[in-house]
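A quick write-up on the structure given underneath.
Labels run A, B, C and D following the written order; every chain starts at residue 1.
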């Protein structure tokens, strides 16, 4: 069997850093040590050998208003690999009334072109017996995390009683509850008011979704997760208000994780005030960018562990698509890219400033989410037996981000002009060297679906605690009315 | 005109304490000073002359499942006066589809027998054009505070979009938004689960409404009040979770007040674990009693100003009525008494321990709510021109609370057996001496409706700030697409 | 006796607003009502009649490095009146080894020229039996508040054990403990390091006293006040860190008040980055100005009640004096002016924006501190019998602040160029009309010392609670060693 | 070379759980996998194979008032092994004026009898040039963590300026700052007051060190660590106040860790109210046990990551030694045992209730501290190349803790009577099977000193951030005085 050896680098994991070579056969790490040899040798001199990034939040070829998000599994995973990310987790979005596994099949059809491995979260976009049943099938099929939208009223949004019922079901199945946390009722009201008042530009999008509505929804989802005894993962935490709710929950011993996006860590609301409509509209996503104080909060969360994972919510729309929303911000497709830029941007602004150690960088880009999603150490690790999803990271390589050189299918990049230091020398997906510096040689269809087991240790522990502290009836004997 | 002079006491207001006599004519204070004389002289030697208590949260003769809460405006206001309270504010509860002013008329019909003055809050129990219109009429009729229930699903509860619409309307009208804050969806789910599991006793009531669901709803109401620019008053704050949400809001400069009840300040959840079903059922109210840690939180809130008003939510049901809920706690009528006991209990446990000064006692039992409800200084003050609603408080008088000696129509008292020190020597309602120690000589029908003006200073200031910080559109010129 | 009537205005107190005339005789308010007449009539049409401001934090003619702060009791109180402030509280600063009453005498000598009433705080600048004794004499002489410096190492600073001993003494005497809260050890270390590194400019002053050192010292003082059972007043709270410590204490029911300065509410640290050395040096005070996030925190504190009083720490040094610190920021005299500008600046940025109501404005500029210092309602009130220290406030009058037109003796003004709206039409000090718009007609020596009583209600309540919760010995019988 | 194989167990690390055998040669793990064989086989069927515990906080044979703590390195490490702990870190305590390396030599002399590996923290108990020099030697000798006492006034305590200087030195050397955080000044004052009032029993010890004094000192140490740019480790965090300070620091991105003790997690203050003097005195340690609310806080900290390590502060004194403090609690030697009980108690109350997962158990008993102290993965890991310090944990084994069966030299046990479930089947120290269930076969002198490297990744990152954000001088040109 042909072997590949990554030689002369420093292995950097979430845990520790040490000089070692890494030997790969058949897509799997077979040996880690000094002085290894193999058929192909990759020079990692001066580099860090890290688990490839995992982006747990993408929307590739997502259906939207009769069209689709511009990056599909082909271009999206190509962009991922170019930036050192070797696995993506996409969201299966069933239509109203559609069965969960039917929807999953639609996603499997799309993901056949992927260059790297992938997994899915299942979205609970409506509620009924059929969904309740489908959730068990979903878990059996390896899709164990369930996304709920508290926003997008009239479309994806679920109410509190539906949320309660679904969370309880997730808990029974040993899965992970996830939320997009913005109060959809309030967003709808604010949107209507803004448009009525002539606030129709892209900045109106930001005005319609202030931090308060995100904080509120996060707090509500946490309470319902607590009442139903299920671990909770809050996607795209963008602001102090939501972060505060998560901190408060964790501080009470609740099992809650928060995911900031690289966009919210590095870009701010001033983008929406750019006089160029296109510039602003291209940055429209939910939640919107926030001010610097919120950024500081998110960085501190990564440092202290109150936030766990950096993702992208990659959902790329072209300028042409964005222009659907001319004259009405509520019609601008929500989403930005980021798959290719997440690792270099986070390294530059995190490790490059001293806010994060290299080990913490690996933790928040790869290992933490692999553990949370229960696919560790197959993914997220540099261990013998783990998939050889690796990035050889050159901390001295520099570039300026530009749409003109990106893999993504769209015509712009929200990080345009940003200088980054720290880039992949090689990216390997299950042993295949897909990226060598600027050269991308992906294999369409190489990527495989990663099924995941339910009921990891955190679920078991939480259920045990909830059983122990469950309400107990008081022993009584009829109605004596002894007192007054 | 006949005059009454309260002689030899110390006037104690929210502001200050000083020795002075108080002279009353025609129901109004006409002079405050030394050496006053009048036709009738009340000896206040050794006593504090304070504004009579105002209880802003009562439900007298409230319709319930085909019957009514046992204390009506006659017995309820008689109990109030006996305990030093000279004004109550009751809740007008329109039926589904009923006009607000029709409902108000029903309340006016009932209140004709009141011994002391009273005012109303208007409840928004459903939503529609008719309600939207009725709110303006309500304000014109002097009912400027609007209560909303986030609990009691299928009955009084309003959804978030209704809440938003109603709060916005209250804001436009310069009124005060009020909430009963518990997440009704979650309470319903928990209730169903508990009963399904055989947790049918009164303790199940407490289990079905844990602090988390109160904290969540409080937080949500605060957010919606913030988004609509209206001051918010949270009734019956019973726990740290709700108090925390209020503190957090205030700390961000939001105009939010919290009202703990005397019950939650002095009684705890162990009452529900009493083996006597009647004992437990008689304590069933929403929110339920909490543990000692929550009590400490509430007391600290009164001391620091993060909580503003002590009320009772007086809603008395007889043991017979309570027994509707045998075998199913969700059918136990919610409510307890307290009107007669609020002041003595708070004095004993507050002033008697040093947690509150006498001035702070007056503030939280009378003056603060008079200001919040915009009927100060007609009520809540010892000032020339103010109504002579006064209590002459004897800090040395003691008694043991007992159902056998109470004014309330019900057959028990949740404070039974509690020793209190500090009781009224006299209570005056608009100059009439209704109480002389244990002797109660009320005048049925003496009480008058107190209309209140909208748009007090806090509303005006808040609106000014919201206007100043409202979203502004960015100036743009078409779609240039200058960047990438 | 000649009488003065303020006619046609709206009386605005901390409590309420109402149209009334105010009649004054012999320096005291004798009547409040409609249609009053008197010998002199002041037209208050369109104006608010408010209690004159009380500035509880000034340093007039303060000895410093062989010279004195430039504004003495004459020019300082003249500036005060010009801006609507009718009482100042200055700090008696005993030298090392000096008796407290000796120092107080020195201050009495200086204050003879005052145009308005004044009181003193006593500083505890060293510790010993003589100080311990002097504190009782101080209280008897009407100086009941005791200031402690946790900064100014080697000069005014006291250690933790001295602080503990002094706070305990203050508690016994029923006084008020006060602190300047910055960690003096750390400031000294940071200062030395900065200068060693060539950071010698005025900005170094700000670098040497970051918010963290203020937050720490505030937190420490609060703990020691709690352990000794004494109410605490924290002067010049400038940052979120100190404010957070105060909020946390209050939230636990502790008796702690915080005082932000008008400077910290309206100016920020960018002043120190001005390339003009003089500009920056003139703004050198302790604590230094902070960034906008800290300003937001302070404003929210005033709105929510976690901060209680707005002061100035008026301590004016001329440009020439400031230049003592050329080449070494630690030699720049600490202090700025503000006495004349406090009320107009706070009105403009507080009431003018809707952050404060007019009543809250009165509370934080006058009434709250009168209560805390126990000179209410002689001061801080519009009540019959109160001193006629009044300001007739014209909310429409405007000006641009300029050193060229100020009363202060110094040659600049840190608020230079600020436009204010809301200014005194008249200022009265005990009935004397000292200010009529721009015309200042003070009477040198008119001002009198205001002695204050110890042991107000808050002290009594706190002592009661501390006694109730004091440690109790466990009853034991020798040493049985019954267990293992 | 003789090999040992642990067969049939489940390897449980901080990271993951998986079925595998572990092969050991020469004290080191040489292989991990399925179906391994070796000379000696240990049956791990039904067991977890975990890194041996590391107790980072012990005081073995600690000099005290002319005697020594009763457990020395022999009995102490024997007790450790019996309970599954395979490494201890003791504190070198230099006398006043003593050189650091002289003191280290004294500790090396004592540790020669250790049954398991050990390392040291160096205490900075006085300050001077000699200490400053000695710190560098200490780091070179592998002792890179430096303990500071904010309590024990007149003995071990250092002042704030000494703390600042020492922390700065630790920062320069790339070491770890540690604190015992209680305000020694206040403890001394409270102690004197209590004894003067006749509160001389062991409960007085608890009264003299309330949570407030621990919270304050923790907060102060954090601020000074922040100002000097050094990571901080707070030992024996016993209460919410200290935990809150740590959370607040972490939430601002500061590098601070907290260490609760197993005693504070499982025992409470009621122990001091036991009428048996001996019972109470045996529990005297600093900080003292707290109430249940504090316990909840500590557990939640372990769950959320705001607290990182569970230790014991093992410092055992016999009943006879404890009786030195008859009639004066301040003379009772401070300290309790715990080395043998830490793991079983934490497993029972943590994993056994669902508060912790088995992986989190490993993290807080072993792996986290190995990383913090920079001896990972030599210690705290189950990895090829790591020391074979392992515990084979039988989750079904039970016992009742009893002094009669313990290894410790003292005559009692603070956990006496506690039932635990989850105990070692085997404990291996560098491959030697020292414990087989109840049988302890240690080798006196087998233990080796573990030197540690300075400047781990966290230190490097922190220094980078501090450099990036260091104060910069403003460019100026003389003194122009352009403004006013």
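We adopt the following convention: a contact is a pair of C-beta atoms (placed from the backbone, for glycine too) under 8 Å apart; a residue touches a chain by one contact, two chains touch by 3 or more.
Quick caveat: nothing in here was measured; it's all calculated off a predicted structure.
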item	value
Repeat of the C-D interface, chosen from A-D, B-C or A-B (over half of contact pairs identical by residue number)	A-B
Rounded Å distance, chain A centre to chain D centre (Cα mean)	37
Chain centre separation (chain B, chain D; CA means) in Å	51
Centre-to-centre distance between chain B and chain A (centres being mean Cα positions), rounded to whole Å	46
Interface hub residues of chain A, defined as touching at least two other chains	none
Chain contact graph, described as a line, ring, star, complete graph or other shape	ring
Complex contact set, residues of chain B against chain C	15-17, 247, 250-253, 255, 296, 299-301, 303-306, 351, 353-359, 371, 376-377, 457-458, 460-468
Residues of chain A touching chain B in the complex	159-161, 164-165, 168, 183, 185-186, 188-190, 194, 198-201, 203-204, 207, 210, 212-213, 215-216, 219-220, 223-224, 226-227, 244, 248, 272-280, 319, 323, 326, 402-404, 411-413, 416, 471, 473-484
